[in-house]
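Presented below are the structures under discussion, each in the form of structure tokens.
Shared between the two complexes below is subunit A, which has subunit B as its partner in the first and subunit C in the second.
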Partner chain A sequence: MTKVEAIIRPSTFEPVKEALREIGVEGMTVSEVRGHGRQKGHTEVYRGREYSVDFLPKILIEMILPDHLVETVVQAILRTAKTGKIGDGKIFLSPVQDAIRIRNEERGEGAL
Partner chain B sequence: MNVSSQTIPPILDGSSLRDFYTAEFARISREFELGGSGSAAARARTDLLDRIIGKLHQFLISRDPFLRQGFSIAAIGGYGRRALFPHSDVDLLLLCENAATERRLRPSFSAISQALWDIPVRVSPATRTLDECGRFKSENAEFTISLLDCRPVAGDSELFGRLHDLVIPKMVAREQRDMLRALYQLTRERHVKHGDTIFCLEPNIKEAPGGLRDCAIARSLALVPWLGHHRPWAEPESLWPAQLREQCLHAFQFLAATRCFLHYRRGRDDNSMTYELQDEAASRAIGLAVKQPVSPEDWMRHYFRNARSIDRLTTLLLEESAPARSSLYANFEGRRSRLSNADFSVARGQIFLRNSAALADHAFLLRPFEFMARHDLSLSGEAQRQIERRVADSPGQLTLSAALWPWFRQILLLPHAARALRAMHAAGLLVALVPEFKLIDALTTRDFYHRYTVDEHSFMTVENLYRLRQPGEDRADWELQYREILDELERPELLFLALLLHDVGKGLPGDNHVEGSLEAADIVLARLSLSSAETETVRFLIASHLEMSRTLQRRDIFNPEEIRSFSQKVGTPERLKMLCLFTYADIRSVNPEALTPWKAEMLWQLYAATENHMNRAVDEERFHGAGAGEQRLQAVAAILSGNAMESRIAAFLDGFPARYLASHSPEEIAAHFQMAQRLAEEPFQIDLTRDRDRYALTLLTRDRPRLLATVVGTLYGWGMSIVKAEAFASTAGIALDTFHFVDLYHTLELNPSERERFRKTLLQTLSGEQSLDAVLARRSRRAPAAPKIHIPTQIRFDDDCSSLSTVLEMVAADRPGLLFQVSSLLSELACNIEIALIDTEGPKAIDVFYLTVQGHKLDAAREKTIEEALRNRIG
Partner chain C sequence: MREQTKPVKTRKTNKLRIWLCLFAVFFGWVLLAGGHSIAYAANSRSAAAPLPSPQLSQQVANLERQVSSARDSGDNAWMLVSCALVLMMTGPGLALFYGGLVRKKNVLGTMMQSLALMAIVTVFWAILGYSLAFSPGTSFIGGFRYLFLHGVGSAPNPAYAPTIPQQTFMLFQLMFAIITPALITGAFAERMKFSAMLLFMILWTIVVYDPLAHMVWGQGGFLNATSGGMFPTLDFAGGTVVHISSGVSALVCALYLGKRLGYPGESSPPHSVVLSFIGACLLWVGWFGFNAGSALTAGSLATSAFAATQFGAAAGVLGWMGAEWLRSGKPSALGGISGAVAGLVAITPASGFVGPMSALVIGALAGLTGYLMVTVVKAKFGYDDSLDAFGIHGVCGTAGALLTGVFATRAVNPIFTDGRGHALAVGLLDGNAHQMLNQLAAVGISWTLAIVGSLVILKFVDAVVGLRVSADAEVQGLDLSQHGEEGYNLET
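Up next is the complex of A and B:
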């Protein structure tokens, strides 16, 4: 099993969600986050006051998937979240030791 | 003698206690399912437990005769009220004469509890001596309150009699204030925990405001003051206000049936009315007099109306108990009673009408609510009844019209407007004024996100905006930012009116509620006879109220192109402010968690980026006959009657920034066109009007150098303080400048003839007949008041946002003459002011100038010169 973490633009969340649903991924955890990559934010001026736009709003999607689905999901995210501009986000993959369903204590891929 | 649970011969009518209970429980359930009432089912279970507990007591006595005296079993709480719902806990009082008896009987108490648990019946036993029952402990107030419902079940009746007739009344008489305080505190905490409104879409029908717990509280609130001063006991319901008694008894029947339904359905004491169970309750007509299926929305309307009755009773009793709760409260209310005036007296925070006959005047009907919205008071029960009667006696006569609008508008502008609107709705007045609002009366929205009914959501949007102004130490930065936007609004009443109407369309068939809301709003707005600009603003807000949320979700708000596109949809900074606050309030009122800090910051950043774009890209988007301004052109042509006009109007408008067309109504643009047609006869066209607390001056003339400085200098010389201004020019070289100013010394207001003299002075300075220096020399030398807060001057040049001009943004402490100093300096330094956008934000002047020198942007050296000169001149 693999954990897929995708940090994407908020404006691409709906298309990404729809694409994941089409390939059969229903379970995911979504968080509203802020962050920046190598290109940090900037300072804006509004009516004489400076405000920082350094940590930009992003959406974090976390999924635990059977290994055979991972590349399909990665491709779906790349297809729908990419605009080609700085700030598109990143995808991280990491191995998962086990998964347990609390309701019935089922373990392994069956718990996903 | 020790009695263990194993020795209890669980026998009743030939069956074991468990079997007996199970069979009777099933019988009661069947009777309910066949259409019996909830209160009958609760009473039947009460009787069942009485028999079982009686039997247990008999058995224990047979084994231990000591139990005959000095020990009594009493029902308290819901059991005492004979309202034992299918899976409610059984509240028992095991009453002992003294501590010695209690110690002796402990094993028997365990046996009783164990036997009941084995049935299984969840029992909550409280073991107390007579003395202990006579002491009130605030940390266990619920126990004392439950004693008010006590009833004998088994045991020493003399002992129980002493408790009932002596100990409790004496305690209540002594501890009345603390008991009422505890009742108030417990109720408030519970209400806050459950959303503090009756209009939750999936309510807990026991604990939520207007639920069964409030019914019980209403009994206690009536009984405590009675027992404090009277003997014997009274039926608590008989002590309720007569006009509410019938409704509340009916409401109890409805809620009792609903709770029984929930318990039987779930098999446990779970009182949440989820959407799924609402569907089932509606199809079975649970609690309804007519046993025919209804829609879930209609069933929930029944629920809300019943909850409203209980809530009203509880609120009334809580308020009436207030003086008895606290001497401090009495002091506070003493101060509030000083609000009494010729029309209203105020007592205990409630409004009483001195002369109810005055309600015959429709405008007066709104006055109590205006008073309420201003001072955060409530209507007395008496005033509410008088108003309800008046409303009922005037069907169709109270519709909100132009005559009543000023009063209604005033309510919308007061800090406690939401409270007043809710009270108007409860009295039936809001629907009488705005019949369209009936469409969303207690209307439910079935989705995962919405917590409240549609009408309550609308009230909450108003409330959440005013909450921004309430003091609070832990305010997030973004809340302060929204508050600032709210304080800058010029016509907040239009925003609040739009908020009230924006979801009315949800009560109409069809998927798109926005269209329905617009249709309803058009009818309401027509009755109010608002100006076309005001009507357009309200319509824009309702039509676009989802636009900002959608942009946040689906667009990259850091992409300048997206900002430009959004800016074009919105049109003007004033509309942007309103739409931003609308979106804030709308999201915040879906449920308490809907507006996360993340979302709030994103919304504000979209607002700020759009506002900046609107101010920095004014000359990039100009009218040249087609595009967004075309509709405006057609509207203006329609006013001036004739297609032949359209080309002439187009020629007049050519080159004006799109912002000019967006920020002026078709009527205003038509008037400007007509002014332009008269330029040949009179080269300086001036229009001066009064606009509430300000004046609006429009100047239309051929553009020329120093034009802005001349006008603002004249205004300064006359003691006028400019709060807002816009200066534009068209391709044809027509300058159209509008100024909104405050007459600081009330010259024009107090001396009507001065208006003409003012116009004449302006014409003379513009034509050169009179020098500006002469006008300035005559102005009052009164020194301006020192600014209360220090605002450092900020000067910023932007060469990128406009392709044609250099944009100068200046922020400084506002004072009379500031704009004159700045504009005259820019003219002295050979700058042409292509566009000027002048605004004030409290003590701060925020000015944007689009500058060119000989038709080109400024170079760096000139920018530096200008900045140094400005800082020298204005500080």
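Up next is the complex of A and C:
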């Protein structure tokens, strides 16, 4: 089992979600986060005071997948989340020790 | 050697700015000239009718009574609405306006200050405040005739408003007494102890507001324009009584309490300009009650003040927005609503004395002044007037009070008459340059009373209760530390 974490632009979230559904990904956790890599933020002005906003809104998608699905998912994300500009985001893969379904306490890949 | 020249784009932008400024000045003159000539179109009065027969006389007398009664109930209906409008300016108008400007952790604490004042000022006004402000006394303070609102009932008080119950007049003035201290809370936002604020405000309304209201509006007041004041001051709805007093006191409080932790380096933007926007619009609409209601009747003077209010606000928006657009490149929503408030503040003393064109000019100047105060002057001097109570109310109120002396005209409000009932010149452009002295006197007295009164009370309250919350409480936020609540529990 592999954990796939994808940090993407909010504007690409709908296409990514559609693509993942088409592949057959059955579960994911989505959070609204802020962050940046090399992307520059912007400046806001309130009554003459400037505030630089360095952390930009992003969407974090977390999925635990059986290993055979991982590369398909990565390709789908790359295809739908890429705009070619700085700020497209990143995908991180990490191994997962175990997965447990709370309802029936099933463990392992069957719990995904 | 080649001389370094400005890039072409900057030269063109500077030229554009100069042309725009020249156009604005020219436009201002056109407005004034146009407004001046139209305002002088005199109203003709119909000649008195010949004496009728006795039976007809009786019928006419009955009709006159009915008309008078209808007019009085019209006046009272409008005044009661105005009372409600002005209260709305505090809650939720000002509560939202200020609430949106602070950090999320202080939103309730900020709004609570307005609500608490709606409650506590009401009580002290009833017991003592109305009497100190409006009963006959000395030139500087009223007496105790109306203590506990004794004698303040359905009978009109002809000294102030002959067509409405005195109770209505008292209520109207109460709403002013509520919002004035509420304005000050903007200066010490996010760091004042709730208990200290309550004590400070009780004393402030007694020591600063009541005397100033008495001087400008009370019978025999030192600055009263119509009952023989020493320096008859034109202040229709409270440029001095409300805005200068609160704005200058605000500065004193901001300086005395000191800056917020982390200001200016680690300061935060408004947590919700949306809330402030809603609050500002409620203020604008409520201000019709504030200004037009100060006519104390439902007649044409109320309409005139209503018009001046609208034009002052509109021009204020454009003045601030225009200045910000030119200087920063983008007109902000926060700037727009701040401009509206600045324009409304400045037109407040002038509203029942000036025509619409003058109102546009006053509003535009206020928008520009407010913008400069808030973005340039405050940054330069570094004081933490958190929500710009001094910049917008103190300074624009002062500007408005002085501009009232410039633009007030008998064509709108013949407030000064000679022994034979002829209207005398009112303001500078009307032909009465001396009025500027009176306006200056009122401005001077307001500033002095606000500064001295606030300092004394601050010292006292600091000794008795302590003014500022602890550093931990300030970091935690007033909502939790002072009130045990959180404004938003959106995760639940």
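Note that the second predicted complex is superposed on the first by the 105 of 112 C-alpha atoms of A that agree within 3 Å, B and C clash if a C-alpha of one lies under 4 Å from a C-alpha of the other, contacts with A are read in each partner's own complex, and residues count from 1 in each chain.
What we mean here is this: contacts are C-beta pairs under 8 Å (C-beta built on N, C-alpha and C of every residue); 3 or more make two chains touch, one makes a residue touch a chain.
Everything quoted here is computed from the prediction, not taken from an experiment.
Q: Applying the touch criterion given at the start, work out whether A:Y51 contacts subunit B, subunit C, both or neither, answering first, second, both or neither.
A: Touch status of A:Y51: both partners.
Q: Which partner, once the models are overlaid, touches more of subunit A's residues, subunit C or subunit B?
A: Counting contacted residues of subunit A, the larger count belongs to B.
Q: For A:I23 in the superposed arrangement: first (subunit B), second (subunit C), both or neither?
A: Neither subunit B nor subunit C is touched by A:I23.
Q: Taking the superposition on A as described, I'd like to know which of subunit B and subunit C A:I100 touches: first, second, both or neither.
A: A:I100: touches no partner chain.
Q: Contact-wise, after the overlay, does A:G87 reach subunit B, subunit C, both or neither (first, second, both, neither)?
A: So A:G87 only meets subunit B here.
Q: Report for A:R9: first if it touches subunit B alone, second if subunit C alone, otherwise both or neither.
A: A:R9: touches subunit B, not subunit C.
Q: Can you pull the subunit A residues that subunit B and subunit C both touch?
A: Correct list for subunit A: 44-48, 51.
Q: Could you please specify the touching residues of subunit B with respect to subunit A in the complex?
A: Residues in contact with subunit A: 552-558, 596, 598-599, 601-602, 605, 608-609, 611-612, 794, 796, 809, 811, 841, 844, 846.
Q: Along subunit C, where are the residues that touch subunit A in the complex?
A: Going by the criterion above, the answer is residues 264, 267-270, 273, 328, 330, 332, 334-335, 338, 371, 374-376, 378-379, 388.
Q: Show which residues of subunit A lie in contact with subunit C when the two form their complex.
A: Touching subunit C: residues 44-49, 51 of subunit A.
Q: Enumerate the contact residues on subunit A facing subunit B in the complex.
A: 9-11, 13-14, 32-34, 44-48, 51, 53, 56-57, 83, 87
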